[in-house]
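Consider the two complexes below, in which chain A is the common component and chain B and chain C are the respective partners.
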Partner chain A sequence: MNLALHYPVLQVIIPMLMAPLALLVQHRKLAWLLASVTSLCAFALAIAIAQLVLQGSSYAYPLGGWQAPFGIELRVDSFSAIVLIIVSGASTAALLAGYQSLAQDIEEDRASLFYAAWLLALAGLLGIVVAADAFNIFVFMEIASLASYILVAGSSDRRALPAVFKYLIMGTIGATFYLIGIGLLYIMTGTLNLSDLEVRILAVEDQTPILMAAGFISVGLALKAAIFPLHAWLPNTYSFAPHAVTAFLAACSTKVALYVFLRIDFFVFQRTLSDHAAQFSIYLLPLAVAGILYGSAMAIREPLAKRLFAWSSVAQIGYIVLGVSLVSQAGLSAGILHMFNHALAKGAIFIGIIVLASQCQQLTPTALNGLGRKHPLIGIAFVVAGLSLVGIPGTAGFVSKWLLIDAILEHHRWSIALLMVVLASSLMAVVYLAKVCETLFFKTPETTVVQPLPKLAIALLLLVSFANLIFGVAPGLPLELANNAASLLLEHTL
Partner chain B sequence: MSLLHPLILMLLIPCIGAIAIMLAGRVHHNFREACTFATAILLALTAWPMAIDVAQGARDSITFARLSGSLNIMLHTEPLGALFATLASSLWIVNSLYSVGYMRGNKETHQTRFYVFFAISIAAAMGVALAGNLFTLFLFYELLTLSTYPLVTHKGDEATIKSARVYLAILMGTSISLFLPAVIWVTSLTGGEFSLGGVLQDKVDAPTAGLLLALFVFGIGKAAVMPIHRWLPAAMVAPTPVSALLHAVAVVKAGVFSITKIIIYIFGVEWLFSLSTTQWLVWITSFTIIVASLIALRQTNLKRLLAYSTIGQLSYVVMASAILKPMAEIGAALHMVAHAFGKITLFFAAGAIYVASKKIDITQLAGIGHRMPVTMTAFTIGALSMIGVPPTGGFVSKWYILGGAFEADNFLAIFTIIASTALNAAYFLPIIYAAWFLPENQAPKNPHGEAPWPMVAALALTAIFTLGFFFFNGPVIELERQLVGGLK
Partner chain C sequence: MTAVFSIFLLCLLVITAAAVIRTTNLFVAVMLMGIFSLLIAVSFFLLDAADVALTEAAVGAGISTVLFLSALAALTEEERKQAGGRVTALISVSITGLLMAYATLHKPDFGDPSAPAHQHLTPWFMQTTAEQIDIPNVITAILGSFRGYDTLGEVFVVLVAGIGVLFLLSSPRPSSQDKRSSEGLKHYLIPRMIGRLLIPFILLFGLYVQFHGEYGPGGGFQAGALIAASIILYGLLEGQQRALAVLPIKFLRLLMASGALLYAGVGVVGILRGSYFLDYSVLAADPVTAQQVGIILIEAGVGMTVTGVLLSVYHAFVARGKLQ
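After this line comes the complex of A and B, so read on.
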C-alpha cells in the first residue's frame, strides 16, 4: 500500500476522528496536547502533499474506491497545497502558542469541548480545500463555520457573544447563498463534481439560472471571505474572540473562502460566461481598491490593538482580491502568494498579541503601553511581523507586494492609479504600525501584572517572525506553488 | 555562495557584532565597548583591502538571494561604493571612541541598545554602499531608516518622539511614495542592475527621464534636497555621536551616494547631459544650498546650525553630480569624503562642548576656546573646511566641483559655490571669533576643562584627517577617476 496516495483523505480524517477523542479526554492539558499533535500531523501532511504536487500537477482520490461522479472525490493540486499549508500551519502555531491564553478564557470542564470544536474547525477547513465536489465543499464549510462560532464564543469577554451572533447570521447567509447557487447548478447540469460541472455546463452556457448561480455563489463566498463591503462581521469577531482563536481564524478562515471562490469561479464559470475575465475584474477590482483604502483608513482610526489588525485584514484581503482580479498569471500568483505571506504576517501579529496580552489584565487601548520596552525581544519580533504587513523590503510581505505591483504594471488601463492605491495604503500601514510601535515602546507602562511569560508562545512568535524574514529573501516553495496554482486556474479557459 | 566572501562579510560583521554587543552588554560595559571596537576594526580591515582591489581595477559581485525572476539581492564593488564603505567603516572606529566618552560622560541610559542599533545601522550603510542593483539599494536604504529610528528616539521623552515621528514620516513617506515607484519602473524596464555608462538610454524618452530623476532625487529623502529636508534638523534630538556618524556621514551620505550612483550607473552621465529635461536639478540644489545657508545664519542652537549646514553641503554633492562633467563627478566623491571629515569634527566638538559645559547655544560660546582649546581648534579646522579654506579637505573638493562647473559652462553652479562660500563664512566665523577672542559672559558655576579624553582624542583625530585630506587625496582621486575613465 502506498501511503502517499492516501494523504488527501488522511488530511481530513485525522483531525475529524481526533475531535471526539479530544472530547473523551476530560483533561485540559491532554486535550490540548492531542489537538496540537493532530494539528502538527496535518501540517506535516500538508507539506508532504505540497512536495508531491510539485512533482506531478494534481491528483485525485476516490473515497472508498468509488470513482467520481458516483463516489466522493478528493483532489489536491498546487493551489490546494498552499492553502492546506496555511490552514494547518496557522492552527498548529495558534494551538501551541495559545495554551496559557486559552486557559484564562475557558473553564476546566469546557476545555475538552473547546479543543474538540477546534479540531472540527480544522477538519472542516482542510476538508473544504481537498473536496472536489461542490456539495462536499458546502458540508465541510458548515462543519468549519459551526465549529468556529463555538471557538469565537469561547471568549470570556461577553462582547464576543453579539459578535459571534453577527458572525453566525452573516456566515449562514453566505452559506445559504452558496447552497442556492450549487442547487441551481445541479438543476441545470445534474452533477456536483467540479470537473464534471466544468464540462457539462458548456451545454447550458449563458442561461439565466447559470448566471443566477454564479451570482449567488460569488456573493455568498465573498461574504465568507469578508471582501469589502461584506466585511462587517470581521472586525468584531476577530477582536473579541479568544486571542488564540483570532490567530487561527485571522490567518486562514477568510483565505479558505477565497480559495473556494477562485476555484469555482475559474474552474466552472470561466469557460461558460462570456467575457468572464472582464466581468470578474470589473466587479472585483473596485471592491478590492475600496477595501484596501477603507480597511487601512479604519485601522489608522482604531485605538484597540486587536481591532486595528482586524481592519488591516480587511485591507490585506483587498490586496489578494486585487491580485486575482487582474486575471493574469502574474496577478493570480501575486494574490495567491499574498494569501500565504499575509497569513504569515498576521499569524505572527496575533501570536504577538497572545504574548502581550499575557502581561496585562485586559486589552484596553492603553494596556500595551510600554510593554515593548519591558520585553524588547517580544517587541522587536512583533515589529518585524508588522513590517512584513507593511511590505518593507526584506520581509515576506514585500515579495508579494512587489509581484502584485509588477502584475499591475504589466498590462492594465489604470496601472498608475492602482499603483498609487497600493503605495498609499502601504503608507497608511506605516502610520498604523508606527502608532502601535509608539504605544509599545514609548508610553509609560500602566500598573503591570507580573505574570510568567508564556515561553512556548514567545518561541513561536520568534519562529514565525523569523519565517517572515526568511520568506522575504527566499520565497522558494510558496512562490513556486503560487505560480503553479495561477497557471492551473488559467488553464481552465477555452 | 560562501559566507566568507568579503562582500557578504562586510554585511555580516556588523550584524554579528550587534549580537555580540548585546550579549556582552549583560556581562560588563567595558567588555561591550571592546566588542564594538573589535567589530569596527574588523569591518575596516575588510573594507580597506576591498577598496584597494577596486583601485587596482578589480570588480567583484555576488548574488545573495534570488526572490523571483527579475528580483534578486545582489552586491558588487565599484569605486564610489568602495569609497563610501571604507569611509563609513573607518570613521566608525573613531566614532566609537567618541561614543564611549559621550555616553559615559553624559550618563546616558540604555547604552547597550544604543551600540546594538548603531552596529545594525552600519550594516545597513554597508548594504547601501555595496548594492549591486536598485532593489538591493532600496532594501538597505529602508533598513537604514528603520535601524536609525531607535537611535533618534534614544532619549524617549515627548519632544523626542515628536521629532522622531517627523523623521520616520518624511523618510518612509518619500521612499515609499516616490523612490519605490521609480525603482519598480526602472527594474521593470531594465532589470535595475547598476552598470557604468547607464542602462536607461533608448529605453525612455527625455521627459520620462526627467520625471524619473525627480522621483529618485525627492524619493531619496536622506539626501535632504529641499523641500525634503525637514527630517534632518528633527533628527538632531538624537545623541551627538548619532548626529556625528549617521547624520553627517553614514545616513546622509547614503542619500547623496545613492543619487550619485543612480546618476552615474542608471542614467549615465553623458546621456543625462544631452537631455534638457534634467537641468532643473542644478537649480533645485542651488536653491537648497543658498536657502539652507540663510537658515543656518539665523540658528542659535549649535546642532541645528550644523544640521542646516549639512543640508547645504549635501546639495553640493548632488549639484556636483548633476553638473554631469567628469571633474564634477570626482568632485562629488571628494566632497563626500571632505564633508564627512569636517562635519564629523564639528559634531564631535558640539557634543564635547555639551558634555563638558552643557552649553547648546552659540550665544553661550564666548571665550570657550580658552577652557577647551583642543576642542575649539578642531572646531575651527572643521569650520574652515566647510567654508573651503586651504589647507583643509573642503578646499580640494570645491576646487574639483568648480572645475567641473567651468567645464560645463554652468554659471549657476559657479555662482552658487561662490555665494555659499561667503554665507558659510558668515555663520561660522562669528562663532570662531567669539570662542577665541571674546571674554566669557559670566564665569560658569563649575569651571570645566576639556571633555573626557576619548572624545578629545576622537575629535583631534578627525581634525587631523580634515587637514590631511588636503595633502593626501591622491588615492581617492585615482580611485574615482575610474568612474569617469570612459568619459574623457
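After this line comes the complex of A and C, so read on.
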C-alpha cells in the first residue's frame, strides 16, 4: 500500500474521523489532547504534501475509485499545498496555545462538543482546499462554516451571540450565492468537476447564464472572504470570539474563501471571456484599494486591541486582493505569499492576545496597560509580530510587501497611485501598532489580577514570532510554493 | 395537465411565501412554512424527483415544523416590531430574484433530452449502475457510490449542525430556571389514542425507506427523519421523560457519532484493502455484491446519524423551552 498516494484524502478524513470520537470523550483535557494531536498530524501531512508537490507538479485522487468527471476527485498542487499548511498550522498553534484560555470560556460538560466542532472546522477547511469538484467545495464549505459559527459562539462574552448570528446570516447568503452559481454552471455544462468545467464551458453557445454564474459565485465567495465592502461581519466576529478561535479563524478562514475564489475564477472562468483578466482587475483593484485604506483607518480609530487587529485583517485581505488583481506572475505570487505571511503575523498577534488576556479579567481598552513592561519577553514577541504586519525589513511581512511593490511597478498604468496607497497604508499600520505599543509599554499598569502565565501559549507565541523573523530572512518554501501557484494559475488564462 | 397543476402549485407557493413574510405571529409563520414545504415536496414529485420530494416532506414539512414549535415554546409568539430596513431588503431580494430569473431564460427547456445535464454524465451513470452496482435506483447509486464522498460530507454537515444546537442550548442560562420536561398530551384522550396507533406505522415505513433505498426512492436521510419523527410523536403524546426512557440522551449521542464513524470507517476499509477511500468494490469477493454491501452499510450510517441528531436536537429544545 502506497500511503503517499492517499495523503490528500487522509488530510481531510483524519480530523473528520476524530471529531465523532472527540464527541464521545466526556473529558476536557482528553478532548483537547485528541484535537491537538490530530491537528498536529494534519500539519505534518500538509508539509509532506508540500514536499511531494514541489517534486512533481500536482496529483489527483479519485474517490471510490471512480474516475473524474463521473466520480469526485481531489487534487493537490502548489497552491493548495501552501493553503493546507496555513490552515493546519493555524489550527495547531491556536489549539496548543489556547487550552487555558478556552477552559475559561467553556464549561467542562460542553468541552467535548466544542473540540468536536473545532476538528470539523479544520476538516471542512482542509476539505475545501483539496477539493477539485465545485459541489464538493460547497459541502465542505457548509461543514467549515457551521463549525466555525459554533466556535465563535463558544465565547463567554454574550456579545458574541449577535455577532455570530450576523456571521451566520452573511455566511449562509454567501454559500447560497455560490450554490446558485454552481447550479447554473451544471445546467449549462452538465458537469461539476473543475477541470471538466474548464473545457466544457467553452462549448456553451449562450454565455449569459455562465456570466450570471460567475457573478453569483464571485459575490458569494467575496462575502465569505470579507473582501471590502462585504466585510461587515468580520470585526465583531473576530473581536468577540474566544481568543484561540480568533487566532485560528483570523489566520485562515477568509484565506480559504479567497483560495476558492481564485481557483474557480482562474480555472473555470478566465478563458470564457476575451478580456476577462482586465475585467477581473477593473472590479477587484478598486475594492482592494478601498479595503486597504478603510480597514487601516478604522483600525487607527479603534480603542480595543483585539478589534483593532480585526480591522487590520480587512486591510490585509485588501493587500492579498490587490496582488492577485494585477493578474501577473509577480502580483499573484506576492498575493499568495502574503496569505502565508499574514497568517503568520496575525496568528502570532492573536496568540499574543491569548497570553495577555490571561493577565487581565476582561479585554477592556485599558486592560493591557503596562503589561509589556511587566512581561518584556511577551511584549517584544508581540511587537515583532506587529512589525511583520507592518512589513518592516527582516520580517516575513516585508518579503511579500516588497514583492507586491515590485509587481505594482511592473503594472504601468496606475503604478504611482497604487504605490502611494501601499506606502500610506503601511504608515497607517505603523500608527495603529504604535498605539498598541504605547498601551503595552508606556502606560501605568492597572491593578491586575496576578494569574499564572500560560506556559505553552508563551512558547507558541515565541515560536511563531520567531518564525516571522526566519521567513523574513529565508522565505524558501512558502516563496517557492507561491511562485509555482502563481504560474499554475496563469497557465489557465488566455 | 401536469403543467396546469404545476402552475397552480407555484401560485400557491408564492401566496404562502407572501403570507409567511406578512404575518407577525411566529406560530402562524411556522405553520405556513410547513405548508410551503409540503407544496415544494409535491412540486419536486411532479418534476420526477421522488427522492428529494420524500426528503422535503419528511424533513421540511415534518421534523423542522416540530423543531420550530419547540423552539417557539422558549420564545414569545409575536414578532418584534422592526425598526426599518425592510425596503432595502425587498430591493436586494428582488434584484437577486430578477437576476436568477434572467439567467434561467437562457437555459435548456425542462425535459429537453439534448440538455447537457442529460447528455454528459447521465448515460455513463445509467450504464455503470447497471453493470457494476446492479441496483434499480440510479439516484442511490450516484449518492451512495459515485458521489459517496459528498454524501459523507452531508452526514458530517448534519452532525455538526447537531453539535451546534447541543452546544448552544447546553450553555448555562442567564436566569436560574430549572429544567422542565413536557407532560405531553396525557390528558387529551383522542389525539393520544390516534397518535399511538400511528407510531408503529411510521416506524415501519421508516425502516422500509431505510432498506428499500436501492430499489425505490429513499435512503438514510429520509429514513432517519421518519424514525426520529415516530419517537418525537411518542414524546409529544406521552411526555419527554417517556421518550427519553426509550432512547436516553447518552445513547443518542453515541448513535450520532457512530453513524458518522461507520460511514467513514467503510471508506477507510477501501484504503486498507489497497484501493481508494470509499471504494466499496473491495469489501467482498464479488465487486457487484461488494458495492451493494457498501451502499447498505453507509445508508445505515446515514440513518443512525440523522436519527441521533434530530432526536438530540428535539430533546435539547424541549428541555430549554418553557412549556410544551
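Convention: the second predicted complex is superposed on the first by the 491 of 494 C-alpha atoms of A that agree within 3 Å, B and C clash if a C-alpha of one lies under 4 Å from a C-alpha of the other, contacts with A are read in each partner's own complex, and residues count from 1 in each chain.
Going forward, a residue touches a chain if its C-beta (ideal position, glycine included) is under 8 Å from a C-beta of that chain, and two chains touch if they have at least 3 such contacts.
Predicted model only: the values in this text are computed from it and were never measured.
Visitor: Which partner does A:L479 reach: the first (chain B), the second (chain C), both, or neither?
Guide: After superposing on A, A:L479 lies in contact with chain B but is clear of chain C.
Visitor: Who contacts more of chain A, chain B or chain C?
Guide: It is C that touches the greater number of chain A residues.
Visitor: Between chain B and chain C, whom does A:A250 touch in the aligned arrangement: first, second, both, or neither?
Guide: It touches nothing on chain B or chain C.
Visitor: By the touch definition at the top of the document, which applies to A:A213: first (chain B), second (chain C), both, or neither?
Guide: A:A213 contacts chain C only, not chain B.
Visitor: Is A:L403 touching the first partner chain B, the second partner chain C, both, or neither of them?
Guide: first
Visitor: For A:E438, using the defined touch cut-off, is the partner it touches chain B, chain C, both, or neither? Pick first, second, both or neither.
Guide: A:E438 sits against chain B, while chain C stays out of touch.
Visitor: In the overlay, answer first, second, both or neither for which of chain B and chain C A:A163 touches.
Guide: neither
Visitor: Across the complex, what residues on chain C touch chain A?
Guide: 99-100, 102-108, 115-122, 124-125, 128, 145-150, 153-154, 156-157, 159-161, 163-164, 166-168, 170-172, 174, 253-254, 256-258, 260-261, 264-265, 267-268, 270-272, 274-281
Visitor: Touching residues of chain A toward chain C in the complex: what are they?
Guide: Residues 1, 6, 9, 13, 16-17, 19-21, 23-24, 61-66, 69-72, 107, 109-110, 113-114, 116-117, 120, 123-124, 127, 133, 135-136, 139-140, 142-143, 146-147, 149-150, 153-154, 158, 180, 184, 186-191, 200, 204, 206, 208-209, 212-213, 215-216.
Visitor: What residues on chain B touch chain A, complex-wise?
Guide: Residues in contact with chain A: 64-65, 67-68, 70-71, 73, 113, 135, 138-139, 142-143, 146, 153, 156, 161, 165, 168-169, 172-173, 176-177, 180-181, 184-185, 188.
Visitor: Where on chain A is chain B touching in the complex?
Guide: Spelled out, the residues of chain A in touch with chain B are 376, 387, 392-394, 399, 402-403, 405-406, 409, 419, 423-424, 426-427, 430, 434, 438, 441-442, 473-475, 479.
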